């Protein structure tokens, strides 16, 4: 496979976007088909590129002019994250009806995400990520101008931070190429910039950030594609940081801080979910909650933790594709998706959470406390999921039975994939080994079980029979009567201090400049003064500059 | 492939027969009868005639058999290295929420239940922090003097939480649809998971012989009877006193335990 | 000689500062051109001096024909301008004699005082003829200080003449791109 | 001979366009041919080919040459795809006149000569018909000439250190006054002809003037380089902060556009102030994005500005992203270079710049809407400007290479 083929996963969606725009006059369905084809083609290209060589491929097309080269690199990590980002995006572009403009912008955003993931250096990743974030904002505005969307600044900050980290690496180490940065160059300050970029670009924050609010829009077309692409991209940065540090972050307390942040994110999502007034608001918290657990697992700093994070990311990817396809009405699809998100055994989310928590315990020290908090958070999320079953739908979106069936199938896939977790581990071992050393004996030596420090998870032997027994038993069981109509339910608990925090926030927002002082802060008056072209002002500023220059 | 089938067969045996579903059913039946007698409730006749079981009971059964398979019970076919405390704790924890999802009318005070479950989870996982191991038998075996205070305090918290988790407290569900007392099969399935986990975590693992079996189940029965005793006392004191106990005593005590765990962690480093 | 020329340059600039009509402005520009030519001559740039003088005189002649009628020297309300010319001269004298070196003191005084006076006039004036005369004077000084040989003097002379030839602009209220 | 031709041919084109005004087609044809020939002459005027046909050595520095080529391209785009109600021959006349003056300034061997040519441009622009009073149009550029003339005069003297600092002050303040950035903002009338408004100083002539002044300053400010850089950076950050906020909050959309030019100039001034090659490269990229992006977009938006038509179509958001300097548009690599230069010099400055980059966003969203719903030639023009911005945003190397960086 010639190295130039590494451009294919980026070029194919761009080409599809051009075709979709060009064929728009022939009707939306054609543009939709073209868009779906482009997304699937990018996914297929990544698969083919990797499967034909099964090792890292690199392409360098020379310097771009601002200190970085067009260096593309497809290694195991890039393949894993590419698949995690592209799979749900392709599904959504296939199943959701979109206008040609939305399809075109979505395809360009997908191409930008692939560029960010395939890029061999940090500055190019920042460019790809910033492009994807900008196009996400454009998607939101095309879809519904009045609905809530992330502020443009909030999605730009992380990529500016990453660009800054990249150029700082260039200055201090002479390069921002992932594979060439010396370990000593990854200082705490640079890592802090990378971490800020990762957390903010994916919206992984404990409060109700944009990653939650986008799921409350009337339409979920732009929200789902954005969540499917930007969430993995954020966590991708933290995984690449392991490569920069030769499998470690600069300080171990950074691992602990990030893991704690991840649990706080999951706890925040669970606490809001258990108080959600409608099922749609509950569903808005599921993906961010999983992202919190994924962050906690990835931050632990071991191969098992990283694998657990990848599993949780894969689960969230499938759920991201399922959520917008769910109908409003109560029924098996909503129940299955909620169960899958809550981590009911022996599902993929269950396996990922168990591995992540087990790894945190085995990491020792304060990580054990983080693990206890994580387990408690998991149960709160489970309680919230159970409570959500009887809630009002909260939205007036119609979804066809076919889409509901697809959502249910995706939920079942998450639930049924648990036994395969060890097989997945043996497949992704190479990817994990490219950023951090594997434990002696490997992660999953026999594709049947995963070995942690103190235990072994017999994924296939234990979860397999449980899955079969469960499937048979549930099929033979008698569904309980729908004992209550949808109703508004009281929260399971009030978050301590939440009301006080809201009061303080409202007070701060209500602060204004007293009437008698407003004239001092009248921007219009300042503007009139500045543009008046008065020589007196010019001479005064000349004197001021003279004083400044004489310092 | 042979290795897969052999290990799958062993795991299935521990899931379905021992210490899995069958053991859970027998143990639960006995203790539930005892509780009914103590609580002066008409037990109702267990209906052994075949009928399609309610989905909620099926889900609970699947969860508890997964949990029971992780116990350090003698002759457990699941290899000791394959057992995981997190799986056991989470599977048991899920049972309450399966009921809330499928039969919400039968769950009393879910909010308070969640708080108590959090305390219980701390008593289960807290002792695992310092040993940095999730193998139940390792935790049961941990008799290092420095860890004993945490272990004892956790065991006490576990027992305090047990009556509420087993719904032996005098809190009535939102809508009891049953006209006459009926055998509570769901609760019966929870006796062994909770009590067996208590035995696994806080007592040294028994040997794989008859004495070991007697010791394991004897300890579990004692834990169950202690739970019944506390439940009876709570029932006599009334709902408000029970609620007060869990909100004003058990929850603060769990924070105390958390402090003890942190202190132990700091001192043993 | 350069000291006399410097004083004459200040005089020319002062006349431009104090005049409001075409004759006074033309006289100031002519005086300034003569001084500029003399300074150039004293620096050994005879050719440049002649070109500069020619440009300045032509500019002065053009200014004589374009602009508000009359001399307009020292009109009521011009006292601050008079003070301005004196203060600038004193400050420039101090800078030229005490604070700086390089070239002759007269050259330094002339350049500083003319530029500052004419920039001050530019900032204060509203009449196009006055502003164009002041900027033409600045062009003359630039011709001396640019240091590009005869070309600088020639360009300065052309600019002075060209600027003085500019018709008084009209300001119709138009809209457009 | 090339530099002389690069000056003379556009000047002749402007003269022809002016002389043949009664016959617009002929005026346009003559101007176009002579302008194209002038562009060829600029392109062939390499730095190593100096000429002294007129008794002085004329040379175009690589940076000036690159900016002149970009300015010519901008003029070509605008003449080929003129804004609604715009007279092509008029655009060409003013554009070629400006180009001739810019080329002359760039080729002049001394700053004094460049300032005299600037003076001529100022007087010529002032002679045009505008809506503002003559004095208001003329005063600020005239102040710039005075300050730059004073700088040239001071450069001819020796003296204490404060003298060189005064020289630096005159250079920087003169440049700011010529451009019309803070604190010397020119008076602005939204309804005025663009050729008579302050916009040409900000968006057409300004870049070359800045390159010339900064380029010549090197040999004039020995010993005061730090003060020069600090003053440029200080003015740059002031312009960024004030102009981005003003572009967002000001009541008039046309004013918002003017402030957005000033904000971009803030970036360029910071780039020049950082003195390292990355900073200069950033400044040049900002100039390219002004000449090939912001200026044409502003001119194409003027019709909808007059009609007060605002739309929220995809094209408006994409234009907003381009104006905000978001990736993949040309502003982003400029910002990356600026960050690198600032980090190399003094990292807290990089932090301030990184935060200030966010201030472009609200104003740009507003400006994007003022493009309205472009159609026909205007839509093609917007698409071309965006495409150029994307190409140079992802691959600015040719532009920087053209400028010798």
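As written, the chain order gives the labels A, B, C and D, with residue 1 at the start of each chain.
Here is the rule we go by: a residue touches a chain if its C-beta (ideal position, glycine included) is under 8 Å from a C-beta of that chain, and two chains touch if they have at least 3 such contacts.
Owing to the predicted nature of the structure, the values given are computational and were not obtained by experimental measurement.
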item: Selected pair, greater C-beta contact count between A-C and A-B; value: A-B
item: Inter-chain centre distance, chain A versus chain B - centres from mean C-alpha coordinates, in Å; value: 36
item: Length of the line joining the C-alpha centres of chain A and chain C, rounded to whole Å; value: 69
item: Between chain B and chain C, centroid-to-centroid distance (C-alpha), Å; value: 101
item: Cα-centroid distance, chain C relative to chain D, in whole angstrom; value: 30
item: Touching two or more other chains - residues of chain C; value: 123
item: Chain D residues counted as touching two or more neighbouring chains; value: 139, 143
item: Per-residue multi-chain contacts in chain B, two or more chains; value: none
item: Pairs of chains, among all present, that meet the touch criterion; value: A-B, A-C, A-D, C-D
item: Chain A - residues contacting chain D, complex; value: 63-67, 70, 101, 105, 112, 123, 126-128, 130-131, 134, 137-138, 141-142, 145, 152-153, 156-157, 159-161, 163-164, 166-168, 170-171, 523-524, 527, 530-533, 535, 537-538, 541-542, 544-546, 548-550
item: Chain A partner contacts - residues on chain C that touch it in the complex; value: 123-124
item: Of all residues in chain B, those that touch chain A in their complex; value: 3-4, 7-8, 10-12, 15-16, 51-59, 61-63, 65-66, 69, 78-79, 81-84, 86-87, 89-91, 93-94, 96-105, 110-111, 114-115, 117-118, 121-122, 125-126, 128-130, 132-135, 138, 175, 177, 261-262, 265, 269
item: For the chain A and chain B complex, residues of the former touching the latter; value: 274, 335, 338-339, 342-346, 350, 353-354, 357-358, 361-366, 368-369, 371-372, 375-376, 378-380, 382-383, 385-387, 389-390, 446, 448-449, 453-458, 460-462, 464-466, 469-470, 473-474, 476-480, 483-484, 490-493
item: Chain D - residues contacting chain C, complex; value: 54-56, 83-86, 108-113, 115-117, 119-120, 122-123, 126-135, 138-139, 142-143, 145-147, 149-150, 152-153, 155-160, 163, 191-194, 299, 302-303, 306
